[in-house]
Amino acid sequence: MPISQLRRGRGSVIHGDFQQRIRNSFARQRAMETIGAELTRVEHGSVEIELNFDPKLTQQHGFLHAGVISAALDSACGYAAYSVIDPDASILTIEFKVNLMSPGRGERFLFRGDVTKPGSTIIVADGRAYAISDGPAKLIASMTGTMMVIRGREGITG
Amino acid sequence: MPISQLRRGRGSVIHGDFQQRIRNSFARQRAMETIGAELTRVEHGSVEIELNFDPKLTQQHGFLHAGVISAALDSACGYAAYSVIDPDASILTIEFKVNLMSPGRGERFLFRGDVTKPGSTIIVADGRAYAISDGPAKLIASMTGTMMVIRGREGITG
Amino acid sequence: MPISQLRRGRGSVIHGDFQQRIRNSFARQRAMETIGAELTRVEHGSVEIELNFDPKLTQQHGFLHAGVISAALDSACGYAAYSVIDPDASILTIEFKVNLMSPGRGERFLFRGDVTKPGSTIIVADGRAYAISDGPAKLIASMTGTMMVIRGREGITG
Amino acid sequence: MPISQLRRGRGSVIHGDFQQRIRNSFARQRAMETIGAELTRVEHGSVEIELNFDPKLTQQHGFLHAGVISAALDSACGYAAYSVIDPDASILTIEFKVNLMSPGRGERFLFRGDVTKPGSTIIVADGRAYAISDGPAKLIASMTGTMMVIRGREGITG
């Protein structure tokens, strides 16, 4: 992991093998498995999750449910935050806002989270969701989330 | 349906059998079935959804995933909005904000959505999520959502 | 401080003379003076601010500007949070969301902030703005804000 | 108006002299005058507003009040939306969320609004606020706002 030894990205130190920590944590998120989400890209301050369309994830009009979009965006934003903190800390989402811009219609969906403002206690991350079919990806939703860095709270690791 | 012939609730007319329309629409939401959510109360301007804890819905710390909380709150708020519109119209969520106040720890969860501001084009609804175990229900999350009333758009009914 | 030994609200201890601390802090908010806002009610977990309509506070259609509504709601929510913390701590707003439900048209405006979820680090407060003319007060906006409790940071008191 | 005849952005048609319409509308916003805000850049889908620090705009710690930051960001986002609609329509802010990332400390502030998602009824815009002193501009806040395109409503023009 040479990348993890570099310093870069928004003034933060890179803490060891954050990629492995994120993969371990993602694997513990049963909800991500339930919706069929995969972690497809992990960089310092930026994480991508992808998902195939599945009829079991639809709202009443047959599009991807806003809650599924939120779940994947929240995970992408949360892990983007998790990628910039020290190995002993953990991340909890305090709040997020989602704007649903176009129906969740597509064969596959990409959810990207990026750290906008790192911090020792509060991290702000922004996410974007895209529907992918033939042709260019279409922006379907955006998120801004506020994450809290947690240290030393029992039962909250990863 | 004597209730549906009354006028009440926040100055809105009650439109026919909104309860049946909501139950039909909910039944088409495959995502609600996937997470095991049930529609437990439908009134004019107010809807409740309930959910049993299930390990397949967890985030990495074993609590109910924020995305699942959002999905159920969004549905409760959306159907609360749906309950106050005329039968030919439909509801799309434009955006929502969720505050996650306490970990999603409990045996069962209740999600309630209430119309705060009805309108012919835009409806604002507020939601609250509660964890239920022994003892009093615990507030775990709140939502404010903005819904748009849709008319005459192909493929968008219910 | 007999009050602080008697009253409790929402599970929090009442800390000394929070009313005086809030009045002192409000008096230091030059922006509140600039918009003509007054602190009209201070209780444990709940604060009200009032404002007369003034043409210098309008947006392009002659209604009260959304930013003025936000400023007053943020102050009401922030002081509601401030009323439940210990005297050595301070409050910073991390983020808020405002829904503007009706035009800011009226002779006078009332902004109320209430603590929804107290906490040692994060406090969530909800606010409502009302326009007051003849007849009943009209709900014009709502806010949900997330506040952080700050301790021992230089230059941040009150 | 060579700019308005040449440039297009984000798939929208450019509608005549949007720059002049925005300047006229801004001039009617008394709240912008009250806080000393100036419209410094108007392009298709993107607007900037600037403001000098003024002690009359402070919160209790002497920083720029969150409400002032919100007012300027809301105006930048609203005019960014206004720049992409047809000349007979108008814009109302339905809701926005602001994240306050760093104290509003600086000699001058820049507020930029950009259209993220144009639309015939709903437009989503994102804003960023920067503090400017010596050295590089510092990101102090972000906004996501939802705007509604209004047509034919009496008293709502510009």
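General remarks:
Think of it as A, B, C and D in the order they're written, each chain with its own count starting at 1.
Criterion: a residue touches a chain if its C-beta (ideal position, glycine included) is under 8 Å from a C-beta of that chain, and two chains touch if they have at least 3 such contacts.
Source: prediction; values computed, not measured.
Note on connectivity: the fewest steps through touching chains from chain B to chain D is 1.
Among the pairs A-C and C-D, the greater number of C-beta contacts is found at C-D. Interface chain B/chain C: over half of the residue numbers present appear on both copies, so the contact uses mostly the same residues. Averaging C-alpha coordinates per chain places the centre of chain B 29 Å away from that of chain C.
Put simply, the C-alpha centre of chain A and that of chain C have 33 angstrom between them. Averaged C-alpha coordinates put the centre of chain C at 24 Å from the centre of chain D. Across the assembly, chain A contributes residues 94-95, 97, 99, 124, 146 that each touch 2 or more other chains. Taken together, the chain A residues at the contact with chain D in this complex read 97, 99, 101-102, 116-117, 119, 124, 126, 139, 142, 144, 146.
Within the complex, the chain B residues that touch chain D are 94-95, 97, 121-122, 124, 146, 148. Interface residues of chain C, counted against chain D in their complex, comprise 25-26, 28-31, 33-35, 55-62, 65-68, 70-72, 74-75, 90, 92-100, 155-158.
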